[in-house]
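Below: one structure in structure tokens.
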């Protein structure tokens, strides 16, 4: 299983990397060109990603999405502590590798920024991270005998079983962390990043999940389809009989047949409510 | 069962064919006259169908609906690869019997166009095809012991058990197709069309479904009611006791008592959001 | 049980009748006065009821609500065959006791008008009838071992077990009715009215329900709360353990403690989308 | 368990009290300052709370939220009997410790005001009360073997098992109260307040719940997250295997790690529909 995961990671990275470079089949010049990458563009996309994830039901009053800095890849950009639906470019804060604001006068960011910071440290392939309380996913974080598993062809980026991070695995040996459901320090963030490993998604018990991607559109699309996969798996399991999951061949094939991530991104943007 | 299916098909075709020709009972002159059929009208309806299916929750960022050409019935019209919510008449591409664009400069269409092309080849009665990832339907595609079956009187167009297409039935003998969840070549499309047979709907395992009709309004209405039937069947099965399905008499009677397909079509149109 | 049902009916009628006549407790002069009753007012309310039931998710493209004529109480008013969301006062047709349009030039009404006509014949207390395909209710119509039962205090108008009408009970002795899921003749309508008996709601197997009331606001409120009761009962049963239903004392007490039906009616009106 | 509950109460009060007073970490001057407390501000917030709870799906045509008077802490403010979606400042009535309107000409308030009045009497820490028919919560009120329990980290304010008030516990010894599902007198209100005890939430069998808080934003946030916790617990239990609930350590830690209640409050306000 580990090897399948590793292969999946490698293929997935290749797939992501190819998105802009891939030669268009004849007669396809209409495929939207992604804008040139820059920190300005990443910040603009971060504002969009934040509003999209609210609109698609992934984020509520809490939760956050971040993006790695292109100029200084040990740093990342995060909105200040605020409802994600209301984020604008003025609310974005640059944090360093230790999740400390570069500008000492910067506004306060969310206490759980360590989820992002610790993942960026150990996953150089990751350019964007979503942490949400996506409701449809949480049931699978509290039922150890029923893991989240890929059933949807669109969710072939999921590992065979999505791992669940539980602070109890850390706090059992550290009385200072007992009962801490918030991942709001570096130790808990690093433990979560270890549970994620080379995967695309990790659940957080009774709390939510973290989803990573090679760009903001990838992380956003994965967060949305993780949620849809959870809903379908839940309904299928409720039928009380055998459920067919994606098999190893299918998980390996997924990044090869990778779909156009610009399509959900454009669609999600188009259905955003107009700004007030 | 095969014979019931065949009878159902024949009656269904008669029913569809009757929609515009049927004599109105006295006092019913208000029934909206369907506009005269033409490729221009079909393309206009295809744009509407695409937006309706998004608005009714059948299509998401992906999925597609097509219509056969009236002028050249081996050809069909399909939107280019794009989110179905955003389709306009300028995005429609004419494809030939091999699912190749007639105009070599035409924009790229969806890789899964073969679902449509291969069905049109073997089902001359079919004028329109919907391929969706309709979420409510997918659980029944991954639980072999719980098939999708008709429970709603509005879903009497469904066969007694809706068949499920799984690429594994093809790819087990063809290593080149291993793990291919996308129906994006003629061989897989033809196998799917064989699984559909004479029915109105076929599920695609872990992926979605394909729904056919004698016109765009019929295919759209069926796609919507397939989804509603799935929701009701799922909730009824969750009660954990015997469920009453439509019986053979009822399935045979359905196309005779056929309802006015213009009514959902007008209703679906009326509740579309205003174009921006 | 029969006697409890009868008591419930009598109390329910008293309760309904009291709504406008009841003396207001001191300090309550703000309670909205219902407008004086007339056929013009009933038709105006019928248009509202039709749109409200769509907006509350009870009616889809089909389904219909009717009201008895005040001037000629054997007659009733019904919209012509059309999507209920689009009904205006110009679409209302007066039908006689046999469900035949009074005006021979009147537009066609729905084939299932006999549901309404046959109930009005045998239930002089009933002033309004809703026939819907309310999705949440249908599972209980196809699972004989899991009847719809009152669990919500707002749904104390429901009988202890809601009866289910199935055409098979009639068609088994009448080959001409075999397979007929539509209640579109007087014989089936009369059989449905017998199954309803003195109750407020009857389910129709695999199809929907019929809900009656002493006024349009009562029938509308009951149709909405029947749906909500079904949703709660379904979720409670899914937990797989004993469920507490309203008991006989509570069902008897319900119409005595009757709430202000004008409140949901005003609320439902207030949240209607603005007319285009 | 009792002692855990008491500790939880004390910590919860501390946490609430700290919200405005807490020293801001450096770089966080943006945290919105709560406006100075006054009865005028409480009434303005009460109007907002009423509309927010409708918009978040907690209140329907019925249900009510109230706030204690700052000037006269034995009194409280409540909207007159009306749909909560339509409440304005002109609809607010001041009630005394016996739930009698201070102004004899005041409009009628809801018959169930005793839920609020009797809780304010025995819970000096409570400044606001929500009574709703929140649908997602009701299943847990009718399935004694499946109590509502905290599974979400955001719902750590819930007791280990949420108690259920059933009038039958009172009416079994008082024939005058038999069958009374409405909590519309002082005796039933006081019994409900005893069932609530020192907790934040009590369910009402087949009816809804009551949620309390140290301010309107706290009560509103808790009402919303009680509903979300119920949905997640219901879906997890439907999977039919062991479910992990928050443990004692986590429930004790919750109020220490208390999140910024202004964030959901601002978010809920921002997504209110514009007033007509």
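In this document, chain identifiers A, B, C and D correspond to the written order of the chains, with residue numbering beginning at 1 in each.
Everything below uses one rule, namely that contacts are C-beta pairs under 8 Å (C-beta built on N, C-alpha and C of every residue); 3 or more make two chains touch, one makes a residue touch a chain.
Worth saying up front: this structure is predicted, and the values here are computed from it rather than measured.
K.L.:
Looking at the contacts, which chains touch subunit A and subunit C alike?
P.N.:
Chains touching both subunit A and subunit C: B, D.
K.L.:
Could you say what rotation angle superposes subunit A on its sequence twin subunit B, using C-alpha positions and rounding to the nearest 5°?
P.N.:
90
K.L.:
Same or different: do the copies subunit A and subunit D touch each other through matching residue numbers, with over half of them shared?
P.N.:
Shared-number fraction below one half, so different.
K.L.:
Roughly how many whole angstrom separate the Cα centroids of subunit C and subunit D?
P.N.:
Spacing between the chain centres: roughly 33 Å.
K.L.:
Quick one: report the Å distance separating subunit B from subunit D, using the average Cα coordinate of each chain.
P.N.:
Here subunit B and subunit D have centroids separated by 47 Å.
K.L.:
Would you mind listing the residues of subunit C that make contact with two or more other chains?
P.N.:
Answer for subunit C, listing residues that touch two or more other chains: 238, 240.
K.L.:
Looking at which chains touch which, would you call it a line, ring, star, complete or other?
P.N.:
Graph shape, chains as nodes and touching pairs as edges: a ring.
K.L.:
All pairs of touching chains, please: list them by chain label.
P.N.:
Every pair of chains meeting the touch criterion: A-B, A-D, B-C, C-D.
K.L.:
Under the stated contact criterion, what part of subunit C meets subunit D in this complex?
P.N.:
Counting only subunit C, the residues touching subunit D are 24-31, 151-154, 156, 228, 231-232, 235-236, 238-247, 249-254, 257, 259-260, 263-264, 266-268, 270-271.
K.L.:
In their complex, what parts of subunit C are in touch with subunit B?
P.N.:
Residue positions touching the partner: 60-62, 80-83, 85-86, 101, 104-108, 133, 135-136, 138-139, 142-146, 171, 178-182, 184, 205-207, 234, 237-238, 240.
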